[in-house]
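What follows are several structures.
Consider the two complexes below, in which subunit A is the common component and subunit B and subunit C are the respective partners.
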Partner chain A sequence: MGFEDILHVIKGRRSIREFIDKEIPREHLTKIVEAGVWAPSGSNIQPWEFIVVDDVKMIEKVKLVSPGLFGNPKALIVICVNRAKYERGGSQGRLIALMDASMAAQNIMLEAYSLGVGSCPIASFNKLAVKELLKIPEHVEPVLIISLGYPSKWPDPPKRRPLKEVVHLNEYGRPYEG
Partner chain B sequence: MSMEDLMKDEHFKLLTFLIVSARGCVDEPHLYGPLRLIDAASKLIDIMSREGKAVKELIEVKELIDKNKHLVMYDESEFVRFLDDLVVRIAKLIKST
Partner chain C sequence: MGFEDILHVIKGRRSIREFIDKEIPREHLTKIVEAGVWAPSGSNIQPWEFIVVDDVKMIEKVKLVSPGLFGNPKALIVICVNRAKYERGGSQGRLIALMDASMAAQNIMLEAYSLGVGSCPIASFNKLAVKELLKIPEHVEPVLIISLGYPSKWPDPPKRRPLKEVVHLNEYGRPYEG
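Presenting the complex of A and B:
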């Protein structure tokens, strides 16, 4: 796979909020979550834990406490950070753990897209309720839910801020001309 | 009612959505408050529809909400215009009664 292929996958991924009624094969779920494990990690601490939820009843329960979770996904990956791990990172440990979790989330969503599976990252869920439902221990914090399923459609891309607005060359404020 | 039945009850689902959303609104972007309210309105129209209480105009309101609620993430001013449109529709519905 070349650079153009990777950029194609990055640009093609969308946040999917409407899914069709089709199961995701377990081997694809495994590949998707494995992509998360291969994300970069500050100091190689790998503070993450991933909870794959594919039980229909449990998905429904998590949906009840997740106002930002739309549609009827076939699986969820609850990305958590483990305090016992990230404390090794010093006072910045939690912040870096959140960055690690975010990079893992992107890996997961890109791998899902490459397999034709739609995804959506969800931060609007109640952490206390999700911890209770999924029996997550006190020192493990759920930070993001990725919903997964086959999309009813791939929506058009939303507008992106242009490169020359967000990229600076050598110093802040000097426009980057691509 | 058994706990199993409670999980399937649409009123209960709406109730949990409202409570969890109330907590979420404390920390979330301010326009997510309106988003949760209209999402709850859509769920309520669903319930009314199943109970045979939703008139055609309300079904249209639900369809509009489901189609446009995600504008909040892409175009805030268009989202607010959409809320205005919903209010006018509801006002017309009230006026016609």
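Presenting the complex of A and C:
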């Protein structure tokens, strides 16, 4: 098996909030959503549901109830967790489902970037309104919206806390020497 | 900017629970933890802290309090969220911090795989005991442990719910045609 370091892909991804007027090929959209399905999942429960929104009018409606959604993306992927899948997991169930769904979201954003498609994760939206718009049943909860489209530009990297501040070795507060 | 589809990397990653006795080069461990720092973060808060555990005795101690930790990994990355970073975010703050940390975890596991290193995300561990072992302060909460090492083999892919079951188009229950 040949391995290839993808750190440049992970570091290159940016959150995109301005998009140009160019369609995403359907086969790329399919690859992007397929990436989500391959996230790890606690006990392989796979609590996720993905709603692809590519209808322009529906995107506009979702934007109206989503303060965190900027620009004119060509598609949205609404990431949901399905309570019927995780409720047997007890109090930890929903937490692990949220983690699974977030890992799926990261797969989606990295795969998008690797195809030249910009994305942004959005947590600030009216859940009840989105549920009603997309006819999401009671036991399914939208937790993140990923906007997708070609960026008008790739922004500079955001400032990041330095490694020496966030990475510790064998105990908290002991510096990690890279 | 040249883009390269990484879907094979995303689909190739596996959760690994048996490791061979081979050290991870320090420069690879550094790349793996650096990948975590480049996850998206709501309002760029970066609520994460990463504790790299490579001391064999400490790994053994963490194993004793972590029912979900299998095999003999060469390193652990304990992913924490720092309440001091997210508490101004109100009730949504911790939730978004958990999502950020989970996306960082996925970056870590994908980067590891891309370097040939196996990993497994572990949510089943005694948080209080891990806090005590690693001298984690009160306001910092370990949420996931990632085990790392070279696998004794790459397992077959786990069964996944088919795309036509988990992907919906423009409304829940309406099939997405790939």
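Keep in mind that, in the parts below, the second predicted complex is superposed on the first by the 173 of 178 C-alpha atoms of A that agree within 3 Å, B and C clash if a C-alpha of one lies under 4 Å from a C-alpha of the other, contacts with A are read in each partner's own complex, and residues count from 1 in each chain.
Rule of thumb we're sticking to: a residue touches a chain if its C-beta (ideal position, glycine included) is under 8 Å from a C-beta of that chain, and two chains touch if they have at least 3 such contacts.
Not measured: the values here are computed from a predicted model.
S.K.: Now for A:Pro158: first (subunit B), second (subunit C), both, or neither, which partner does it touch?
M.R.: After superposing on A, A:Pro158 lies in contact with both subunit B and subunit C.
S.K.: Could you look at A:Ala129 and tell me whether it touches subunit B, subunit C, both or neither (first, second, both, neither)?
M.R.: first
S.K.: Of the two partner chains, subunit B (first) and subunit C (second), which one does A:Ile10 touch, if any: first, second, both, or neither?
M.R.: A:Ile10: touches subunit C, not subunit B.
S.K.: What is the contact status of A:Glu49 with respect to subunit B (first) and subunit C (second): first, second, both, or neither?
M.R.: Once the two structures are laid over each other on A, A:Glu49 reaches subunit C alone.
S.K.: With both structures fitted on chain A, tell me whether subunit B or subunit C touches more of subunit A's residues.
M.R.: Between subunit B and subunit C, the winner on subunit A residue contacts is C.
S.K.: Where does A:Tyr113 make contact in the superposed view: on subunit B (first), on subunit C (second), on both, or on neither?
M.R.: A:Tyr113 sits against subunit C, while subunit B stays out of touch.
S.K.: Just to be sure I read the superposition right, which of the two partners does A:Pro67 touch: subunit B = first, subunit C = second, or both, or neither?
M.R.: first
S.K.: Could you say whether A:Leu169 touches subunit B, subunit C, both of them, or neither, answering first, second, both or neither?
M.R.: After superposition on chain A, A:Leu169 lies in contact with subunit C alone.
S.K.: Show which residues of subunit A both subunit B and subunit C reach, each in its own complex.
M.R.: Touching subunit B and subunit C on subunit A: residues 158-159.
S.K.: Can you list the residues on subunit B that touch subunit A in the complex?
M.R.: For subunit B paired with subunit A, touching residues are 7, 13, 16-17, 20-21, 23-24, 28, 32, 36, 39, 70, 73-74.
S.K.: Which bits of subunit C are touching subunit A when the two form their complex?
M.R.: The touching residues are 1, 3-7, 9-13, 15, 26-27, 30-31, 33-35, 37-40, 42, 44, 46, 48-55, 58, 92, 95-96, 98-100, 102-103, 105-107, 109-111, 113-116, 120-121, 123, 134-137, 140, 143-144, 154, 158-161, 163, 166-173, 176, 178.
S.K.: Report the residues of subunit A in contact with subunit B in the complex, numbered from low to high.
M.R.: 17, 57, 60-61, 64-68, 124-126, 129, 158-159
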